[in-house]
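Both complexes below contain chain A, partnered by chain B and then by chain C.
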Partner chain A sequence: MENTTGDLFDDELKMDATAKNHLKGIATWAMIVVVTAVLGYIVTIADTFLSPAYQVGRMREGFTASVAFGQKSMTGAIIQTVIGLIIHFFLYRFCVLISQSVRAMDQDKTGAAFRNLKIYFAITGVISVIVALAVLILLAAMI
Partner chain B sequence: MEPNQTTSLFQLNVDANNAYALRSAASWGKVLGVVSIIMGILLVITGILVQSAANDISSDFSGYRGRTYDSGALGRAGLIVYGIAGVIMLLSGVFALNFGNRASKALRTNDTQALASGFSAARNYFAVWAIIMIVLLLLVLIGIIGGATGSGGGRF
Partner chain C sequence: MEDNKSLFDDLKVDFQTGAEVTEMSRWIKMLGIMLLVIPGLVLLMFLVGWNKMAVLFSEGLDAAGEGGTIAVTMILLVAIVVAAILGLIAFFLIRGGKRLYTGIRTRDQVMFNSGLGDVKSFFIIYGVLGLLGLLLNLISLIQ
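Right, the complex of A and B next:
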């Protein structure tokens, strides 16, 4: 009997067992990132809305402005939470899709997972560029 | 007699669509890696500048009576905080860059081992951030609990 190995995907890159294990690892760690981030946003919002800003210091001897410490910006907290939730939504989608694709050997889900990872990296990259520029401005101001 | 064909239908492959998506993710991973490394270096430099500025303030006001705080210690604390943040950014940047480079190489050369190595780097990237986020969350919770218990008697 002629025994030929007619691999339909000879020219495609294959994912071996090690790669699949690493993908499962990525999904697990990324899910931990998502859960801790969401918990962090909940804590931030709760802290911002529940605990009032308090004033430390009082007007003394002609000083007309009191000194306030611990004041929290509600707008800032909301913006931070919304942006963070959007970013982590894509990471969550990546985790779910990559887990499903490894379990079911589903090529379409693998592609969709990588697309979500790309969006996550893209948004994080752009925000990192903005933060890096801010740090650069801070540095320039210090020098 | 019919040939006995073995096909890889039940194996996970990176087809043309997946390759495009993975290549884009790898490119953005490289961008993120490079920016994170630059930011890590900038943060370490900022820490050093903060410490030297605090030391200058400390020496300028060393003759004043009634000084109740040590700005030198504040500068050292600044250096430690900025230094830790910088090292974290550097580390995560290196992992992101490794993911980008290795995944791109795997797609270019059809190298399965390079692909696994790239995924390993991505796993390390997320592991670093997961650990950091758990630590930060705990610190925030400790801060809030400390603030809530401490502020009761401390208010004017």
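Right, the complex of A and C next:
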């Protein structure tokens, strides 16, 4: 009987103790990444509001160069924050789902957790390609 | 009954989870490769624009004297450290992606677990860097 069970399930991948341990570690560190990223965005936004360029822009009347510069950096910070929050939302979902899945042995949540982690890596990958293309364009402009 | 529960209620890498992990492993590998490509392109950009930078550096060195040499050395040191960290992250991502893919394809539990271990190492490095980045951000905000 034991042999039969072994033959049936031996070639099946499982979330064994080692895998669960790794998943718990990934969830913990990924949550640290999410928290530091969100706090970082808050600091970035605060820094942009408090930066001299923005204050000079707000203090002056009319559309001066400093106003444009101040608004530009604010726009950049907001775009960066929004994209970052979207990316890290998927990482947060992964952390929550994988923790629940390991605790409750919920197979559906395992799949959903990995789907979220896949989306996180996919978006990050696409952004890295865009960055590489931007660097390539700069390089071409220099040559 | 208890035995049956422990035997069959364990989390498995079913078809759905396997498909998600396989796709995720491709994105992980691509991100790892991009983390090698982008610094390479930046390095190429530095080499191409070296003449312009050499002029800037020599002007800076003339103006700053002893301090300029220290500044250039510091920039080079930071560049080496950043390249080393990115290389390490890329190494874990590429190896992790390969191991996860092979683990799923060949149903190799050890390979799958070590792939998860590599992803965990990536998140540990990322988390530590995130904490350091947040600390530096806070320091710059206070100053």
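In this section, the second predicted complex is superposed on the first by the 112 of 143 C-alpha atoms of A that agree within 3 Å, B and C clash if a C-alpha of one lies under 4 Å from a C-alpha of the other, contacts with A are read in each partner's own complex, and residues count from 1 in each chain.
Going forward, a residue touches a chain if its C-beta (ideal position, glycine included) is under 8 Å from a C-beta of that chain, and two chains touch if they have at least 3 such contacts.
The model shown is predicted, which means the values in this text are computed figures rather than measured ones.
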item	value
Which superposed partner A:14 touches (first chain B, second chain C, both, neither)	both
Chain B versus chain C, judged by how many residues of chain A each one touches	B
First, second, both or neither for A:33, with chain B first and chain C second	both
Residues of chain A contacting chain B in one complex and chain C in the other	5, 11-16, 18-20, 22-23, 25-26, 29-30, 32-33, 36-37, 39-40, 43-44, 47, 101-102, 105, 107, 110-111, 114-115, 117-118, 121-122, 124-125, 128-129, 131-132, 135-136, 138-139, 142-143
Complex contacts: residues of chain A adjacent to chain C	5, 11-16, 18-20, 22-23, 25-26, 29-30, 32-33, 36-37, 39-40, 43-44, 46-47, 50, 101-102, 105, 107, 110-111, 114-115, 117-118, 121-122, 124-125, 128-129, 131-132, 135-136, 138-139, 142-143
Contact set on chain C toward chain A in their complex	7, 9-14, 16-18, 20-21, 23-24, 27-28, 30-31, 34-35, 37-38, 41-42, 44-45, 48-49, 103-104, 107, 109, 112-113, 116-117, 119-120, 123-124, 126-127, 130-131, 133-134, 137-138, 140-141
Chain A-touching residues of chain B, taken from the complex the two chains share	1, 3-15, 17-19, 21-22, 24-25, 28-29, 31-32, 35-36, 38-39, 42-43, 45-46, 49-50, 53, 96, 106-107, 110-113, 115-116, 119-120, 122-123, 126-127, 129-130, 133-134, 136-137, 140-141, 144, 147-148, 151, 155-156
Chain B-touching residues of chain A, taken from the complex the two chains share	1-9, 11-16, 18-20, 22-23, 25-26, 29-30, 32-33, 36-37, 39-40, 43-44, 47, 51, 54-58, 70, 101-102, 105, 107, 110-112, 114-115, 117-118, 121-122, 124-125, 128-129, 131-132, 135-136, 138-139, 142-143
